[in-house]
């Protein structure tokens, strides 16, 4: 789209991977649980209840801010954000206002090989609200129901500067953020489950000097939604501008069904949250030792890992990019390469067969019964031409299903190595004899016929032969037979 | 059983009788229940009398401790509890319609500690709604009356607890103090009331009014009993982030008697100005003369920001309150009104019905002070003045061990006398607010009667100096040897 | 600091605080509030430049929770006493979420 200047900023909330809630000892394991069972006086805002900070929530938030290269503020101060809503039991949310955990950070990501940089305005920590349901067997009449199991779960909020300039950039930025929080093990970063949520601010203008109106987009529930919603919105704003209309600052919702953004109806006045320091939580200073300890737990991050993979293993960017999406997968790759130092081969096999099998069982690499060593062993066999690649794929599937090593699988299935070239020669000659038409076709120049003959040999040997070897033998026989 | 025999008792005295088998907790309770039945219809100190439950507890205690004569510190002692302290299974209304019928599913920390020490909750006492008030006239359930004159107020907001102790419906009680709500009613009813150092007693389970000011305090007939209660309820609590990480108060912290005579007492001139009722000045001055005779040194000091503390308090406290009271919305607990026209209808109707006028005033004030555009002008300013008030006390305590002042500039006033003008009512707290803003401990002790009404004296100490506070309070108590209250409650005024 | 408080401002404040009044009541409350706020003017007599605000009276490190979940047994009691419950949900008038939730 020419002559359209797009500015996008993201506001991302991630549920932190603590076992207990942010200000009380209730469990955070709320998915699928009976409503209003993981609750207590504190997270339900009963009269007289008081908050006490979960140290781990603070640590994970600091870890996130450090990983995003933020400057960490020396004092932790909580503020109350006051408003009325049924999922907010106290009538205020404990959050942070002018003293967030970290400020002025940076997030780097890559878009089609080009490195991009987004400034992080702030990282802060706050508590999640409860959940409202609007339909269900329990709801009779025009009512809604509230479940406080989720109320009080710790969230880290990450706000970027409006440094993104296209929906693609925004999506890639979000993906990188997701990967980072997963690498750090601070969050599951799962948009479908709600442990990662994203709102965006989009502003379009037809000239670089005049800024556009900031439109907030909410209710995007997947990476794809984010991309589509932002694409739609950019187009919508551009069209209006080209038609000479002016845009106003507003909030819009993404309608997943109709694939459009719609204005949010609601109060015209902006809500006044009356932020003030929460008198129930004392401000305190973060000890430098604590910062150092947390910093030491930060692993190599996705972008750095990708660049290192490209350097050390000479992997092309697209492959390296996919490999590092999942830290466990990347570690699996490296462990395998340590034993079988052919990175390209390992990478290819992982990105095809391993991922395919993981997806079919819907599990992560951590749950895989195949270890890096086992894969290394299999790939060595292929390299030594003891088995062909297509056989290897089949063996791998069995290894994946049962946890047995390659050789055990072959023994169990009665697949033996066909090392004797003489046996193979016999089969090759038999096939040549049985398929005179194909032989003739090949001799007349039809390459396809050769493939057919190779296939026949493979069938006859129940896939046990090495196709390379079969091909060479066939060629030898066919040329000598002339 | 005639309660008259016990009118001068301390907790130790009850324990002595328990040990000798001459008295049992259930018998003692029955005596108090009888007294309550006699006088509370006139006094209205109690909102809930915990009859069955209390007797059950008493019987259980008797069974468990048969044949033992060393008791936990509050064993078998009835305690009346202000109705803003959560008591498991016992209605807790905070004097408000919006919490009518609310039964807490948990105990406040102080209640757990009381019960572990063997105390028995005898009932919940009346109070100004959500602790906002200085006379207990703001209770949604009718006022409590002063046991010395039923036409007068007992003070507030812990008026019910004060009246109950003074009228001897209970030996001891718990109140809460935000700007004077333990000390002022204690003074109006002639008993002892302690406001601890901020953070000395856990607030977990105390329904919040102004979080940075609220403290639970003991109310008793003697300093000794206040000490006993304070030892049990104070000390760190991991459920309250604002509770200081120190162990409970121990009477070992009280300096020996001889040390009193070496103390220098500061008399802040701002508290002895023309605005104070001359009768109060007369009584307190007489006590001060006696203290001087006993060898204590009295010096005049100044707390120059005293006058500004009231305004700052009425910015800061309502601000915090406006946020603390947002949870009363009809969703989870308490009363609900409206809703046929939707969610907003439910919010507006519930809160407009459920809150009384003083609470509404303070919510409006607080919301205004915090609102965008006014935060700096009001709330921030209030917090800065608070710093200056704290400094006043720090400087004073650099040269004095203790400060002594009147508790109230006025005598217990008549019901209805100050309800027309809210600001008039606020002025009743002008001497108790500054120390609360500074977070320092102070105690009210009875120092005499004038025209048949008690006059209270306030002693203020530095942070965590309750020991020194108790030392002087006890000294004054012994020096004056005033009879402990046991007023005949009836239509005519009696002293 | 504003010596004069406007009717409109207090109306907005009442709305924020979810309090409704009859016209008569509102007039009375408005008067009370204005009078009290007028008293706050007194604080302008003070020199507050450079004075740091006391938002908390605090000590070194506040207590913090360890990350170990503990189950609370009282949720049934809360449901029992709630104004309106269906199953295990707290029931409120239907909320049109996208319309009413503040950002």
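By letter and in written order, the chains are A, B and C; residue numbering begins at 1 in each of them.
Quick note on the criterion: a residue touches a chain if its C-beta (ideal position, glycine included) is under 8 Å from a C-beta of that chain, and two chains touch if they have at least 3 such contacts.
Only a predicted model underlies this, so the values are computations on that prediction, with no experimental measurement involved.
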### Query
What's the chain with its C-alpha centre farthest out from chain C?
A
### Query
In terms of Cα-based centroids, which chain occupies the most central position?
C
### Query
Is the number of contacting C-beta pairs greater for A-B or for A-C?
A-C
### Task
Give, as an integer number of Å, the spacing between the C-alpha centres of chain C and chain B.
24
#### Entry: Inter-chain centre distance, chain A versus chain B - centres from mean C-alpha coordinates, in Å
57
### Message
Just the number, please: Cα centre separation of chain A and chain C in whole Å.
### Response
40
### Query
Do you know which chain C residues sit against two or more other chains?
16, 18, 55-56, 58-63, 65, 74, 78, 90, 92-95, 100
## Note on the structure
Flagged in chain B as touching 2+ other chains are 102, 105-106, 212, 238, 240-242, 322, 326, 329, 331-333, 343, 347, 367, 371
### Task
Hunt down the residues of chain A that sit against at least two other chains at once, touch-wise.
41, 44, 46, 52-53, 84, 86, 146, 272, 274, 276, 279, 281-282
### Message
Residue numbers of chain B touching chain C in their complex, please.
### Response
101-103, 105-106, 198-199, 212, 236-238, 240-245, 305, 307-308, 311-312, 314-315, 322, 326, 329-336, 339-349, 351-352, 355, 357, 360-361, 363-365, 367-368, 371, 374, 377-378, 380-388, 390, 422-423, 426, 439
## Note on the structure
Residue positions on chain B within touch of chain A in the complex are 84-86, 92, 94, 99, 102, 104-106, 108, 203-208, 210-212, 238-242, 319-320, 322-323, 325-329, 331-333, 343, 347, 367, 370-372, 375, 379
### Task
Using the touch definition up top, name the residues of chain C that touch chain B in the complex.
1-2, 5, 9-10, 13-14, 16-21, 29, 32-33, 35-37, 39-40, 42-43, 45-46, 48, 51-63, 65, 74, 77-78, 81-84, 90, 92-95, 100
### Query
For chain A, which residues are in contact with chain C within the complex?
18-20, 23-29, 34-37, 39-41, 44, 46, 52-58, 83-86, 132-134, 136-140, 142-148, 199, 216, 218-219, 251, 253, 264-266, 269, 271-274, 276-277, 279, 281-284
### Message
So in the complex, the part of chain A that touches chain B is made up of which residues?
### Response
41, 44-53, 80, 82, 84, 86, 89-92, 146, 272, 274, 276, 279-282
